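Order as written gives the chain letters A, B, C and D; numbering starts at 1 within each chain.
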């Protein structure tokens, strides 16, 4: 589908893109993603997956794109009025059938689906706390949006340029060691972070959902190229995920 | 070589591009061409050949580009400041060792090399007359520039929207039927026009040079892909031409 | 300007399969069809060829299974599938409801496996036909693919031919010195059509990991990169047999499809293009209709092989 | 960050040819070298492989001889060349002055022709080596290419081997079911190196003219489109022989070249990339030097075949 870029906001190597996509905006659930390509771009060959970072339910959706390679760079350089070829919403989402407090743990652009999740939880009056990590200050995005949606936002940077110095899982470990047990954890970010989250969740007996990433050729569930061992079986990250029960994922490849 | 686009002027499906290319500007002779590609464009696969339409001898060269397909469209859409990948000047040029009046016969964008030729002839005080043909008024370009350089400019359009109705070879035939015999003819344009020019030149015993066009993979004379039968042998249009003695060209494939 | 003929029709019968349009989704690129509901307008297509089925379920190859290339991709999925029995019981009731022709694709490591899978599929009500994927390593023949030796292929196709009366297409591999003898072998053994081509063998290296990108080391190249090679094989195969040739390999547009048709293809399959643009196949069908209109033709027939010399 | 080693050197000896860098211009894409004066910095390259030479001059195929494709092109030049005698007399005095290694490429329609051309070239002073183009149809063998049958190839290479003591490279075709037996045949017959690969057979249709684009109907596909296929054949050939493999096919960047080296190539040839960017090969050499620097390596040797598993 052709979607018009409505607005662009850039910060360092990140860009926030608002796309006119009523159909996606209406159906989107947090944790789902879209496959995107700039119209007419011949390379890269595949479209690229990006999580929905917010959806207004009527007209537009928002993406948070970190420029890491040719595809994301091209997309991050979009200008208002440009047309993007977008398919979605794709994949499963995070569970919303939860009561107690949910801990959202995000690393880098992993915050994109969690921000959408936080807003959906708020609408359902389910409290959540956000733990946000990055290499440096530049990586800690959407803080004002998150503060509006969550009961609290705590940050770490590896270089200490903002919040606590260290990894975000440090904060999660401290929080889980505390007394108020959360109902669930939802995490998105680098594979290594997710593995630690899964480990902590298991240790503390808290259910956790993680959003996995793989290279995706189709994003539609037809090529079987994006599989991951989950529950001892190959599952397609694009169609059976990208959100999986952390305890079911085989982390040995991480 | 990377060349900056200095200026662009568009008219209908044509664009005039001025490129910063001191090295080419210094060495260029009329009839030579350059191979061009927009920087970073992956498609089309090959670069595209364009005749030099003028060169200031110091800093810049000018191209006249008609948008007919993906490559020329991309180039015609260039903006000032864009970088183009340009190699040249390539190929042979028109002869300048001539005395009497030279008749320049151009069809469509074939006027590009002839305009450059007209200016070189004027600098050598060799008189020339221009015959310019096109399908409609839009195709008759560079008239003011040509009027400054040539003793006269006569035009035809097939739809009669400007100048005489009909083909440009009509004017040439009339001119050759007249009394003042020209020293030489120089022609560039569609293959069918060139074949008629060759025919008329032979009939009237006037030497003629034509600029041929073929698809070009390398433009450098190394692939042997752009050949044309000339003097009974395959000759490379890019390196042995594009300007050939009209009488030597095998017109049977035209 | 073009003569205003009756609205052109794309419907045709290819290798005994009736198609609303000569454009199908290629095996392995449309799953079991169901995954594409909402992304694809099935009635606008001729049909779908389901992913290869084997006797037992197969988990498939280790990751990574795909690698991006210049205008193409490598895949080494490893024939991951639910197995023919589970397919017939659990998937078919839904798949058969797809509003277009549905062909099953059969793979196997031995002739017996091909025959068993074909025999099981033969019992399915509503299945439009079978396509044999003969690019699998033949375990009882030293690992050499079934599709590389004319005699091995002929025996295989003849055996499957006995197991089913359904339309039988044989999908040939381009990884041979000459496709003509293989095309003739399939025809001689009773194939109703041949599909040309499957993927080209390829490999990519991961510079960071210093090892092949694919878990399986090598994979099959598909996409626009292979189109000229596919056209060559279609041209050659169409000259070797009388049964229809179904062209496949890198087709993204109606113009691409028309090249295959001029080269001798009676229909085309669209694979990787669906990944880049889910509606590619139906856009191709619509484009072919426009091409006919522009040429004042009422069917594709006069164009099939019209570019051969 | 990287260890500050001595400046890396790209110079190497491949198949008995000394090269300033493991990057050569491929046969048929650099003419006789002279055409590229002013466009290419020869000392920055390892060498050039001249266009195929035959005994008699050849005019080549009818037009069109080239066709543009997705990230690639077809060519059917038809071995147009001035003939070995004219080459030796008229071109060589100038060509030999090129400041890089110069290899001649030998083609022929019969074994006798290959031998005659090689014998004539053997007398040239300063020639760095010979490369055999075995993708030519073998007229005394029913038109089947020399490079498709291991025994035919072995005989051919052995015969040429007797005619010259110069370094002898054999350039293999990918249009075979398996390149390994051909690589071994070349090695057994005394080749000093094998070049992998020549072009893939392909075809394009001209929709307007309703005929194949190429005057010759079919042609050879080159360019980035074929790179994964070339890598596959290099990987396979390098596993089959002990002599060096020279990788070729679609290489445009130093990263591309590095994939070939990890797959087992000791050097690379750059063909079509020169058309798109005349300085491609020297940029690749410069890029390889940077890659070594970044890895703290003093030569490419530790990387050759390092990606094989």
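Rule of thumb we're sticking to: contacts are C-beta pairs under 8 Å (C-beta built on N, C-alpha and C of every residue); 3 or more make two chains touch, one makes a residue touch a chain.
Please read all numbers here as calculations on a predicted model, not as lab measurements.
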item: Shared interface partners, meaning chains that touch chain A and chain C; value: none
item: Chain whose mean Cα position lies farthest from chain D; value: A
item: Chain centre separation in whole Å, for chain D relative to chain A (CA means); value: 48
item: Averaged-CA centre spacing for the pair chain D and chain C, given as whole angstrom; value: 34
item: CA centroid of chain A to CA centroid of chain B, Å; value: 56
item: Residues of chain A engaged with two or more neighbouring chains; value: 42-43
item: Residue numbers of chain D (touch at least two other chains); value: 69-72
item: Chain contact topology (line, ring, star, complete or other); value: ring
item: Chains grouped in pairs wherever the two touch, ordered by label; value: A-B, A-C, B-D, C-D
item: Complex contacts: residues of chain B adjacent to chain D; value: 37, 42-47, 85, 87, 214-215, 217-228, 233-234, 239, 253
item: Of chain C, residues touching chain D in the complex; value: 67, 69-72, 74, 148, 175-177, 200-207, 210-212, 217-218, 221, 224-229, 231-232, 235, 250, 255, 258-260, 262-263, 306-307, 309
item: Contact set on chain B toward chain A in their complex; value: 42-43
item: Interface residues, chain D side, partner chain B - complex; value: 28-31, 35-36, 39, 51, 59-60, 63-66, 68-73, 75, 77, 80, 223, 274-278
